[in-house]
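These notes open a run of structures that come right after.
The two complexes that follow have subunit A in common; it is paired with subunit B in the first and with subunit C in the second.
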Partner chain A sequence: MRAGANGSLDGTQRIGRFRNASWLKVMREAGLAYLWILPALAVFGVFVFFPLAKAVWLGFFKTPPFPNLPSHFVGVSQYASTLSSALFLHSLWRTILFVIFTVPTGIVLGLLLATLAHQRLAGIRIFRTIFSSTVATSTAVASVIFFTLLDPQVGLFSYWLGQRGGAGILANPTLALPAVSVVTVWQNIGFTFILMSAALQSVPDDLLEAARMDGASRWYRFRAVTVPLLSPTIFFASIVGIIGSFQAFGQIDLLTQGGPNNHTLVLIYYIYQAAYTDNNYGLAAVLSIALFAILFVLTLAQFWFFERRVFYVAAN
Partner chain B sequence: MASASAAVALEAVSKWYDNVPAIQDATLEVMPGEFMVLLGPSGCGKTTLLRLIAGLENPSQGVIRIGGRVVNDVDPKDRDVAMVFQSYALYPHMTVRRNIEFPLRSRHVPEQERNRLVEEVAGSLQLEKLLGRKPAQLSGGQRQRVALARAIVRRPLAFLMDEPLSNLDAQLRIEMRAELVELHAKLGITIIYVTHDQVEATTMGNRIAVIEGGRIQQVGTPQDIYQRPVNAFVAGFVGNPPMNIIEAKVELSGDVVNASFQGASFQLPADLATLLRKKEVSSVLVGVRPQDVSIVKEDTVGMGQLRAKVSLVESVGSVYRIICRLDGGGFVTVDAYRDKREIRTGDMVELSITGDMHLFDAASGERLEP
Partner chain C sequence: MVEDISSERWVSREVSRRDLLAGMLSIGVSGAVLAACSSSSPTKHIPTVPSFPLGAASRAKSKPVEITIWQGMGATNGKPLGYLTDQFNASQNDVYATVVDQNNYTSLLTAYTAALSGGALPDVVQMETSDLQLMIDSDSAIPVQSAINAERYSLSDYVPSTVNYFRVDDVVWALPFSISGEVLFYNKVAVEKAGLDPNSPPLTLDELRTWAEKIVSTKTEKYGMSLKLTPSTFEEWMAMGGQTIVNHENGRSGRATAVTFDDSFGRSLFTWWDDMVKDKIAQTTSATTYDDLYAILSQIAPMTIETSAAIGDAIYFLQSKPNPALALGVGPLPGPSSPNGASSNGGVFVGGSGLYIVKLRSTPERQDAAWQYIKFLMEPAQQAYWAAQTGYIAVRKSALTQPTLVNAWNSYPEYRVAYDQILASPANPATAGYVSGASTGVDNAIEAGLTALSSGASPAAALAQAARSANSAIAQYNSRV
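Right after this comes the complex of A and B.
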């Protein structure tokens, strides 16, 4: 800038000096920018990137069957054998089922409740509070409540479902995973409800009024106007929901411990068993990396898909 | 009560929100093919009136008819009226084509028919090339036309427009005004148009309903309203610059009736004087359009003179608009001053009323007319 203002310099000199100055400026700004993100980078490095690299490294070592024996390097063979094992594939399938049971149901129910509560009615706040209350419920509390409801002797659900007596729903190979899914959906519904309620508030009234004038039925207005405008939120809820379901641990540990007969052995529980029941850190590391890779690819795929389908309202 | 031929008729319609009146006793008839403008300042209830006709609000009292049918309990979609919103309310995730055909899709019009209607409307509004775009990729004027196209494509009985031009810049607004008038003439459609802009109202409307405080003050042609405002509010609201209104005492002395205020005084025309005698009005509001006031040295019309001090000289193209403070208090605007003699702020001048005078009862604001 100063070079440009200096009348004694000729054109080329001015441009040369200007270029030089701007390059320096860019460097200085970049340096400053890196300085600003350094604290965050340090935290991520210590708590995320280092453990990740360490886990990959651990996966190259076979944990000995007895403690105090040295673990030995086996390279990628442990990855290959674990990821092709029947138990891993079974666990992966149960996890996928768990996600299918919980995520779409959770979003549909959350949206439904949010739509119901999105009215100007006396006392609607009471319903909003009730609908969002599960946010304040811990997994442990939710699990205990449902454990009682599913109890074969005293459980209300067991009574309704005609499953009184015997081993109970949680010991039933067909019903165990759906039962755990119900707890999960119930617990997440408050969060989804709050998300969807907030998103509904942001749908402009005049768009819905225009649709009403245009002759759209209530359902068509919802389907053709509201839902597309909610798509960023639905996208967000689905990513958070899928990641959450892949990592759901508490309810499984409290209700079924992976049983009966591994029917609720989702990946995260498999990892937990490998690491803390069997002390097989090599196996646990391999499984963890597999879970990470799955979530990573899934998130990328979702971004790719929703970039085409999600509509973001442009700020005017 | 209402004539059966009206496209839209309101009969003593009122609307309260929690005991706060928004519309009081509104009666209005809009004839088929008419361009009716609802004009008023913000918060006067004009948009509420439009929403009552649309069915987006329900009247607390009164009857609303559309095409002769009472529609008080009819859903907006079945009222056969289309609405153009101030924000345009285009569906941001749909292309222009999908936006325009939305009312047709909602009504399950077959695809072939739908395409034909969309092409036709898009053609008449020069939107053919934009059919594949999303609203975010359009200019303000283009969005406005899409909103119009979406309303027109249904061929409704009446169009309701809520300040449709207020989001456009000045130049585009003038163009769109002309386009709307042209469209109205071409299609012979009934339009009820809400605006706070009196220039829009007077240039576009066949008739204007001036609204203030939730009440319809006057309904008439732009000329009617300009030349014979029924009360002081309408007089002050319609016209640019606004009418000068001065409160004055009525003084009777023999055959002569004078209007006087704080020292200044001028004689009223004979016909008005008779009326004031008859009605025994003691205090009046004298309204004079700025172009009916002149700056003079001598008494040219024999009505007495007003001494004033120039407080602002505005240049309006080739002429000047001069705002003066009267000796007795209050401001008077003099429009279209094109004298060779230069006038500066602070000059003392004498004003004379050279044109029509409007008289209003100071107590009620109602027009006093022989």
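Right after this comes the complex of A and C.
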């Protein structure tokens, strides 16, 4: 684009007979540019922008419980009524709680384990392998393991927590969301650990050495040198973590199905229920657009905020 | 493990589906008035049904007419159905039927819904009782009433409440097939140890509480009973008290627009439940598992209310791992009134499923073939075999004289309990069970209300909350059809 603009600027400075040739050049370059981005545009268009537009459009309709029946156009009223409904606000609040339970905990634990494993000790590789192993577990496997551990009849955790018998932890309105969060943190910790370990490797030893010479304590070195240098990674982990938590589905489907009493009905699960339990695609579309808007704003806000705070080491 | 979870889930979904009962023959006139208020069908009518192509299969140019049946029970009960289907195919030359196992009712409904927009549809579909309004609204099935009228087929030998479940506005939409009911499961050894008579189980909620108190006070077991957090028990109790769940006579005389359970009767049931749990004589268990039955086996709580469809599993388990401390007792469902017809207007409704004839993208030959197949399954001999093999209820009264069923019930009298209480249920809108396209939402709301009791909500507040979310689910559904 910039090349094209320059080209036309040059052209106006030349005498008239070159002008046409110059415009031709601009057009040709622009055409070439569009040609190059065409494949990407086609893929995005078909798989992202078209479904997005379609979802916005679908939100204007009351869709029937069965696909062989007609839809009714209701305009924006479905957006208004859904987004102000008690269930949507409840679901949004449960989602925010879920993010609060999972993201900071995951980052702190990942950083802690990475710091512990960042030692030159015999056999430390074994611990690194163990700490990162959950990255190899699927959500389904993690969920089934915890489902068994939390079972009210045979579960070890239920026994330790004195919750044996009865309906169990996953059916307890107070404990269900924290329990699902624990599974999520556990499953994500391998990924965070690997991220943090890699980042720790890149913290220059000379900086830490210099700080030590100046008499900084171990904790102060960690807080004032290591953490600022890790901030791009923490930034990355928090964005990925928040988006991941907003989209967490498998563990909720396998452990609680949104229950008890909607206490684990996070937005993504609400969308799933609307679409696939109630066949209510209009409602599901409205909810999806809401989730998209929330994630979009959140990501912009994170960039705006962290761009000012995050310390990037200059490449040299 | 995953398979276990999901199979338990579907069993319990079946439990949670209500059903059945009684006759709504007198509601035509009031129905016209009520239906005038309902959103989508302002012009209500005297029920008319489409004509039925009776005899089309035998007149078909190319025979046999091939039809497909989708069943949602899974492999275990699929076997006796396969046997009956083979019998049907061998019994005549006009029709050849093939059964497709869709694993469970949830995937069956998903597959069926998907096929409506343009895939291969079955000719006969087995749908859970609670999906009745969905099936009507889908405009994809021809009511069996059409065939009944065309053939002047008699329903007089049917157990009335099993057919009444599928009757809306005087039209029977499906014939009952895998019918079960809720019953009391208890450990005879434990209750005897507590000084109770294991041969006369409690019939009312008051008696049930007395039994539970006795079990706890004698320290026989930790709890007197398990209360499964499923909406169906509450719905059965409402029916036993002669109370409806939704308006317009439980959705039988017009489309339901609101729930009716948030009244003093509903509150008394929630209060009973809450007191049982607060006084620590009952424990609650998950709605989606058989933890209540495990509690009997592990001697934590010797009584629970479960679907009669679980009797077979319980008997099998106790036979394979005999334990002198365990002996299965099955009693009628205790409720606000006695389950054996002592109350004049209350009674249980049925759970399970019905068989529908699909009309969408079908032909007259295949519709008639589907009817011939369903009719064959409903004959007393087949019903006796079906009940004896599966533990479901025979829907024909004369099936009880068939040797197959007589022998089976002599060996396992437990199976008879659910049949007797369903037979005793009087015919009225309350005991027919409720119909609503939003039944999943209504059920979930009631379950959420019971769950809210455990986190400290008062019975009145929990019930009011349940009614609010059920009403919003109904409004949401009604706005879409």
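Everything that follows uses one rule, which is that the second predicted complex is superposed on the first by the 279 of 316 C-alpha atoms of A that agree within 3 Å, B and C clash if a C-alpha of one lies under 4 Å from a C-alpha of the other, contacts with A are read in each partner's own complex, and residues count from 1 in each chain.
FYI, a residue touches a chain if its C-beta (ideal position, glycine included) is under 8 Å from a C-beta of that chain, and two chains touch if they have at least 3 such contacts.
Computed from a predicted model, the values in this text were never measured in an experiment.
> Just subunit B (first), just subunit C (second), both, or neither: which does A:Ser217 touch?
first
> Between subunit B and subunit C, pick out the one touching the greater number of residues of subunit A.
Counting residues of subunit A touched by each partner, the higher count goes to C.
> Of the partners subunit B and subunit C, which touch A:Arg128 in the superposed model: first, second, both, neither?
Once the two structures are laid over each other on A, A:Arg128 reaches no partner at all.
> Between subunit B (first) and subunit C (second), which, if any, makes contact with A:Asn280: first, second, both or neither?
second
> In the superposed arrangement, which partner chain does A:Pro260 touch: subunit B (first), subunit C (second), both, or neither?
The answer is second: A:Pro260 touches subunit C but not subunit B.
> Under the stated contact criterion, what part of subunit A meets subunit C in this complex?
Going by the criterion above, the answer is residues 62-69, 72, 85, 87, 140, 144, 147-148, 152-153, 165-168, 170-174, 254, 257, 259-262, 276-280, 282-283.
> Tell me, which parts of subunit A touch subunit B in their complex?
For subunit A paired with subunit B, touching residues are 204, 206-207, 209-217, 220, 224-225, 228-229, 231, 311, 313-314.
> If you look only at subunit B, which of its residues touch subunit A in the complex?
For this pair, the touching residues of subunit B are 54, 56, 76-77, 81-83, 85-87, 89, 91-93, 102-103, 105-107, 136, 150, 154.
> Applying the document's contact rule, which stretches of subunit C touch subunit A when the two form their complex?
On the subunit C side, the touching residues are 1-2, 5, 110, 113-114, 116-117, 134, 137-140, 222-223, 229, 283-288, 291, 294-295, 298, 300, 360, 437, 440-441, 447-448, 451-452, 454-455, 469, 472, 476-477, 479-481.
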